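As written, the chain order gives the labels A, B and C, with residue 1 at the start of each chain.
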Amino acid sequence: MHNIDYEKQMGTENFHPSLVKGPVGVNMNSMGEADVFGPEAKISARNVNFYYGTKRALNNISISFSPRRVTAIIGPSGCGKSTFIRLINRMHELVPGTHFEGEILIDGLDILSPACDAAELRKRVGMVFQKPNPFPKSVFENVAYGPEVNGVTDRNLIEEKVVDSLKKAALWDEIKDRLKDSALGLSGGQQQRLCIARCLAVSPEVILFDEPCASLDPISTARIEELILKLKKDYTIVIVTHNMQQAARVSDQTAFFLMGDLIETGRTDRIFKAPRDKRTEDYITGRFG
Amino acid sequence: MNKKKERIIKYLFTMLAFASLAFLVGIVLVLFKEALPIFTKVSPKDFLLGQSWYPTAEPAEFGILPLILASLLVTLGALVICVPLGVGSALYLHELAGPRQRAVLKPVIEILASVPSIVYGFFGMAILAPMLQNSFNLPIGLCALTTSIILGVMATPTVASIAEDALSYVPRSFREASFAVGADRWQTLTKVIIPAAGSGISTAIILGMSRAIGETMTVLMVAGGSAVIPSSIFDPVRPMTAAIAAEMGEASVGSDHYNALFAIALILFLITFVFNIAAELISRRFRLKLGLSR
Amino acid sequence: MKKRDIFQKLGFGVLGACMAANIFFLGTIIFFIAARGLGVINWEFLTAAPRDSMTAGGVAPAIVGTFYLTLGAILFALPLGVASAVYLTEYSPKGWIVNLLRISINNLAGVPSVVFGLFGLTVFVKYLGFGVSILSGSLTLGILALPVIISASQEALTAVPQSIREASLALGATQWETIRRVVLPAALPGILTGVILSVGRVAGETAPILFTAAAFYVKGYPHSPFSEVMALPYHIYALMTEGTHPEEQTRIAYGSSLLLLMLVLSVSMLAIYIRARQRKTYNA
């Protein structure tokens, strides 16, 4: 009974009050610094620990992300930043032998709870990966895949979705004559924008970018960044990057991770101009990492 | 709803995946069930060590030592051919063949491994046996020697391709380390690469042996069929597989002869089972030694 | 020349000789059979039934029989084999289950073919009452083909990059949707290779159908799964060991052997070709 209610409501914006944990209005990060963007957090993580086997990869992470903003997570490799955003759409479940403590709320709902269906969650929280990973199918089929697995059967509707998503991903003009071609024939940058279009076609609320430009050239990178800035009007975006210039260019909020700890978070301009922690300062001035 | 469907599908796949295990267990059960009655008539010792196999005589005699020795003889004979040729070919492919030669030879060997055993049997019967009979002046061409040659040639591609796999698992760094201390290619091959791939190569030999001892049609056609303890490589013989294949058609269901043939199959199965497990264990150790996963 | 250079030359010479002997022996077999069989194969040989107590006519019923047996075996083994491979690679069960199943599969692959024949005789022919028939033979051959299909499918499935599984799951697809719509289609060419390889294996097997399906001579073509059949490999055996006109029968056996050889070799060449092409696309 409980479960069914929960799953039904995942799709809508109205939740059963008993399932909403904790106050939604106040939104503090782990340093006790009040968040600067609006009253409500879209996503808040509370005391999240994560383990690969017995090795601890995240230490007591508490952080909030505002709706329709871009949050960048920076830090040296192995600091846990990718691990952290993979928790937000439960991709960590694909790695056997891991476990976590704590909770991550999206609109007040604990998405890590077993009662929350991972597939349902991932429809709301999309993800774009480090390496472009189009399916070995045609361009059209790649974008149509999401709506199809989500039960859309009307061909016209699907076609509309595909065109719309390709336009939103700034790919339509380049590709409108090649919809039937294999996606594997596109350039790396086009493939990555195709993956973004594929993600948009499911109409998510949150999009997670896991180092989306790691394998792209500077021009393709610039186009993706441009796209992210455009998308934030409609989506809550979290982007993991090891490129500090990129974080500075695209994000409103920045969080700095180091060895599994969240060291500091706040407005991007403030973090880059006046970091409060010595380690943040060392990192952004290039003293390590 | 979704979750339930996913769980049902997973259970379905689990069940289907256990089919291989079920068939293997089924084979063991069938063999035991049909074989055991013979041991109420003949003791296992007399069965295994008895020197005369006259299953249709009155009274019948069920001693399978001649059949076991025949199997061993032709298998050993086959090994003499397939081990040097198979391992030598693998070393050649791995060490000497350039990329273009490799690109041709590797598939050729693989394709040759797929030649059906009946074709080898036919070749042995129609061409090799008369040829050997003439050139060695034998009383009969269908004998242990002919069988060994055919089985050996037949098992060579199997040995070669498994041994080549084993060689390719040896890390490059071993070879580089050896060159770096001034060894030439031959020394590197014999002192570093072959020892490193040794257990992988023995796996190949065991599997080739397993293939030879279990081979049926070739030996049925070429071995000559005489169920007498062989005194020389030129004698006609009746290996275990040939006895089963040749006699099962005549043995009436449930008769002693029928049960005895299943008992032979059981012994054959146990021999190949031991070979396969040994190959499995050795190759696992081999992978561990080279630090490979699984 | 230094002593060790001579060693190296000699050693490499021996290895080259091994390779040459290997190719030479197998080439000889193919050459002899082709040389003597080619003259036998003509249109009548391929399309007519045997006549005049196996001394003339063709082998068409045996070709048809082999076709039915192989088809039946694949129909039986394909779903089982692919499902097993999917379970082992996609549902990543616990370590001991994987080990147990892997050992079973490897051992099943090593069981002598005549033992499969006995199993088929006991279970399909006798116990389940299918009699000596296409059905019994197909099921027996299917079990034999199972390990081949499983290992080829497993190889194909593991070659599918993990990243596209993640992409599908991240779009809200369930695991089964991911397997059915993304992983299996991507692995299809590899699975096909396995199927073709097992076709080659099954079509040439004789011992498993000895007591479960094959007959020396059947009048006409099989009309139901419960019919006894002639089969190409068994036909070769029967021609060489039964009947009353050894000379003429041997001639027909040459033709049949060449036919079987061409069938099996072209099938495995096709499989190897598809696999090579497939490996190239993944590496690109």
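Here is the rule we go by: contacts are C-beta pairs under 8 Å (C-beta built on N, C-alpha and C of every residue); 3 or more make two chains touch, one makes a residue touch a chain.
Just so you know, these numbers come straight off a predicted model, no measurement behind them.
By count of C-beta pairs in contact, B-C exceeds the other of the chain pairs A-B and B-C. Nearest to the common centre of all protein CA atoms is the CA centroid of chain C. Using the mean of the Cα atoms as each chain's centre, the chain most removed from chain B is A. Computed centre separation for the pair chain A/chain C is 49 angstrom, with centres defined by C-alpha atoms. With centres defined as mean CA coordinates, chain B is found 56 Å away from chain A.
Centre to centre, using the average C-alpha position, chain B and chain C are separated by 17 Å. Touching of two or more other chains is recorded for residues 2 of chain B.
In chain C, the residues touching two or more other chains are 174.
Among the residues of chain A, those touching two or more other chains are numbered 119. Touching chain C in their complex are the following residues of chain A: 89, 91, 94, 96, 118-123, 126-127, 129, 131, 133-137, 145-146, 148-150, 195, 198-199, 202.
Chain B meets chain C in the complex at residues 2, 5-6, 9-10, 12-14, 16-21, 23-24, 26-27, 30-31, 34, 84-89, 91-93, 95-97, 105, 107-112, 114-123, 125-127, 153, 156-157, 160, 184-187, 189-190, 207, 210-211, 213-217, 220-221, 241, 244-245, 248-249, 253, 261-262, 265, 268-269, 272-273, 275-277, 279-280. Against chain A, the residues of chain B that register as touching in their complex are 2-3. Chain C meets chain B in the complex at residues 4-5, 7-8, 11-12, 14-19, 21-23, 25-26, 29-30, 32-33, 79-80, 83-84, 86-88, 91, 93, 100-101, 103-108, 110-119, 121-123, 126, 143, 146-147, 150, 174-176, 197, 200-201, 203-207, 210-211, 233-234, 236-237, 240-241, 250, 253-254, 257, 260-261, 264-265, 267-269, 272, 276.
Touching chain B in their complex are the following residues of chain A: 117, 119.
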